[in-house]
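Some structures to go through are shown next.
Below are two complexes that have chain A in common, paired first with chain B and then with chain C.
Presenting the complex of A and B:
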């Protein structure tokens, strides 16, 4: 029967002509310079303070954190987080590697760490949230579904287009972050070593698996994880877009659950079954850096599994609802 | 059967639809043949659009069967929908694309439609001057025409138009009628819904009349509508005397409240002091003679069609008598 390729082409044309992707690029082009500027300011400040000796600065941060450990006012979860941080920083110090050396690649790496759980999912939602509900709001879905194409093919073409644009968003975020921050910090830094493989056992860090990778490899691994998060969130937003007729409602639902995720994560939850919620599992790059997971017992594989499960369920729901539902509006 | 001139293109058999707990469509059956314009007449909320949505597989019937060119619309969607071109409700296209891009979009969804075909349909609906403008700049009439162009892309055997003259100016309505007639003459089956009796009368060959989810009647437009029109407007001078004479005739019945039987447009155009009667066409000449004999001037005798409500009333009354 009719081929999928022209359908995917249609969806891509619609996304581009609706200028959604340009808006995303514009957001990046406005925000990344802001972050770069902030980063530059803080780099200047520490340079003045420590006479551009990063070892001194790192040592200072370690002592600061150590001091706070003795305070009673600091909650236990924070202490655990700081203990782990101290151990990692000491590791960097011992191996004479500056973890925060300012350059374009390091900025990009840190930016991706911060963007993975909220910023990138939001950008993806800009496309995913109305990819189906938008057709329902405008009524064009009637034209779309009265053509001689099976409904699952129509939906699949939309999903494939969404995944294509998700990939494009992740790649362009990395490229834009690198190009813009490079103006301020220089474009070097691909070969710098980054330590990964920290394993957290209780409040101790198991260093046995720690190894250095060059920063470009690390960035690649990050990119993969960010892409995975992007696709999972995209699938969920896609499902909401199928279920809800109004685009506004669809955006609100997804935003609320993403923000709920960051709140839950920050609550350092004692509610351990919350780890099965997709929104607390978004910070995949945290596992690479060896951060303390939001809830005890979460690992990279666990989070990947939870996200994959949510994404697959979202896909099943989307397709079974879309192919059966009566289009009444 | 396919060789016959009056091949059945669309067949609806005992279709029912329940939405929530409510039966929206009770039992709808009719056939539409090639080369005819079939009217689907009913007031708003009678189930016209719901039925149309079932014809194009936007919603599935709860019971019954719909076939297009022999293919079941709900089971063999791809084969059935290939023969249908449709506009359901308003012609909603992608406003951020140009007319041409919209047509290209829909052309990609069906094999065998090339650029040349797109050019053909654009020419057919006479949209060539504005086809490369964004749809957001189009008037309602232009959107309607673009919608029809979209429907015609795949050379359908059955064209479904939901209230096609909605929002068009009188000139546009006239052109639309001519255009639809031309399509039917080329052998296409055209299915047109409307809530306006006059519209169906002017356009259609056959009609199905639907009210609250039930088909009240299916048949030739002339038989169903013209056969039921027994109202006459009399413009007499002097009016009072004329009315008195008409009152005396036993085959003529004065309608005291014309607003109940007349369309608003007719009511507005009615001369001052005009009298509305129910009278069979066979008796009209006798009445005129009687009026003239009494010295009343007959300025105008005008037979009018019943309103949709009236037609329903007569049809349901008829049912009860039978």
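Presenting the complex of A and C:
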């Protein structure tokens, strides 16, 4: 333990000095204003149409969804999704709570919902994919391994540094999204209630467990789930980074599998064994909002189990490969 | 080297704190999703709404000869006709009449069009208990309603028969069978809407006979549609702030001109004709 801490320190400083973390912050600073602007435009449009009366807007959305239910061209899964959506929105209307009241916190909450399955994993990959293979590309790995430190300690220090930065990325995403969207929508909204605890049984929603939490608590829960996803994806990227020599190749591999995940979640509902793939299980915040899972039979615990299993396997593979492999060039 | 030490100290302490917070959030979310604690939500507004519904003094304040304000806010309820199905421009009589009212110097706008394709009186009745629909009705001062066509024509299976087979047996009795219950439900619907919004002008769009060009259906259909319109007229007449917009005569001799390709819904010209009538009745 005594010589692990300096190693972690070394890794953290390397990540900072290589400016990877700054790049991530920069990406956020460029992209979040774009999302904010898009959100602002759509809010303006609905304001024109409904005189900023959210109840009318919500009721109109419910009716539009009901109309699409009667159409034969709509696939059954979409119908189920819409039926569930209708019931939830009616619940919000009954309790006179605006689910999309525009403010910085709501924006952040929605942003995190959308970012969890692709955007945040990509940001984490930017650090994770480089963390071992980068040393190979520059040749510094030899210097690292010739020091009188056990190899597993070197790798462990990298992993810990990665988890530390995963937390930093998640939190800075939340903070940046809040600060920037607050400029447009205002900084209030921490105490607004959000409903959670919808349980989906078939195409009905079980309302017995529904309860309101204030938005800051909801955001905290989201943060925790996003963090879990981040750590699991980080572990996988870490493994790829150990196995593959070049950083570019390891980024491509991880990116391809993540994007495959988003495509699969959109169309794989018929192929039920796809639920054992890690990339269709990334949308953990969906369970919080009570969305219909992409494949039938998926629950929070199932998704957590799948992700944890993949992450643990990735850890075992990376450690066993890294400690045994010869470092030649 | 000093800067490295600072970088380390800051990143290390911040990331440790942040990780602990996130882990806490994770555990919280895990518990919350797995053991959701349902809570009965008593909202004050809800009580207000139901109180407003039944207050009798508002009923009495309705003037005997209601005048329409200049600012018209329209909420639409009903079936595909109210939705505008068949209109290639997508507007239906609702948007067309609103546009015309705007041209005539009033300022009218559609608050919400809550019409659903294929809705019957049976389907509409429970919807009136929805908070959102009640809210939309309350905000309006004009409520347009089109309902009943599906009760008569779809309930009797006539729509399918007319489109599929030639050897259809026009059965006036079958057509008539839906009538008493449906008109009773319509009465309840109108009363409910009136209770939700005591002051709005309610505009009911009368039925036309879409199968008048099929010889065997002409007479039985005419009888049923007229009987329906008559039944509605009797309900509507009891309230000075309700109007029935007749459409039967409009379509009687112009089916080819006014019906869309599905032979049931009006086309753009048909909706325009209905909209003209709606506006005439309002001004």
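For the reader, a short list of remarks on this structure follows.
The rule we apply is simple: the second predicted complex is superposed on the first by the 326 of 329 C-alpha atoms of A that agree within 3 Å, B and C clash if a C-alpha of one lies under 4 Å from a C-alpha of the other, contacts with A are read in each partner's own complex, and residues count from 1 in each chain.
Rule of thumb we're sticking to: a residue touches a chain if its C-beta (ideal position, glycine included) is under 8 Å from a C-beta of that chain, and two chains touch if they have at least 3 such contacts.
Worth saying up front: this structure is predicted, and the values here are computed from it rather than measured.
Aligning the two structures on chain A places chain B and chain C next to each other without any clash.
Of the two partner chains, chain B is the only one that A:140 touches; chain C does not reach it. In the superposed model, A:199 lies in contact with chain C only, and not with chain B. Using CA centres, the angle subtended at chain A by chain B and chain C is 160 degrees, rounded to a multiple of 10. Set against each other, chain B and chain C differ in how many residues of chain A they touch, and the higher count belongs to C. In the superposition on chain A, A:308 makes contact with neither chain B nor chain C.
Shared-chain residue A:9: touches chain B and chain C both. In the superposition on chain A, A:149 makes contact with chain B only, not with chain C.
Closest C-alpha contact of chain B with chain C, superposed model: 7 Å.
Overlap of the chain B and chain C interfaces on chain A: residues 9, 13, 17. Contact residues of chain C toward chain A in the complex are 4, 7-8, 11-12, 14-16, 18-19, 21-30, 32-34, 36-39, 41, 43, 45-46, 83, 111-118, 130-133, 135-136, 139. Listing the residues of chain A that touch chain C in their complex gives 8-9, 12-13, 16-17, 50-51, 53, 55-56, 58-60, 62-63, 66-67, 70, 89-90, 93-96, 163-165, 167-168, 170-171, 196-197, 199, 207-213, 217, 220-228, 284, 287-288, 300-301, 304.
Contact residues of chain A toward chain B in the complex are 1-3, 6-7, 9-10, 13-14, 17-19, 138-140, 142-151, 324, 326-328. By the touch criterion stated above, chain B contacts chain A in their complex at residues 19, 53, 56-60, 77-82, 84, 86, 88-90, 92-97, 101, 105-106, 108-111, 150, 154.
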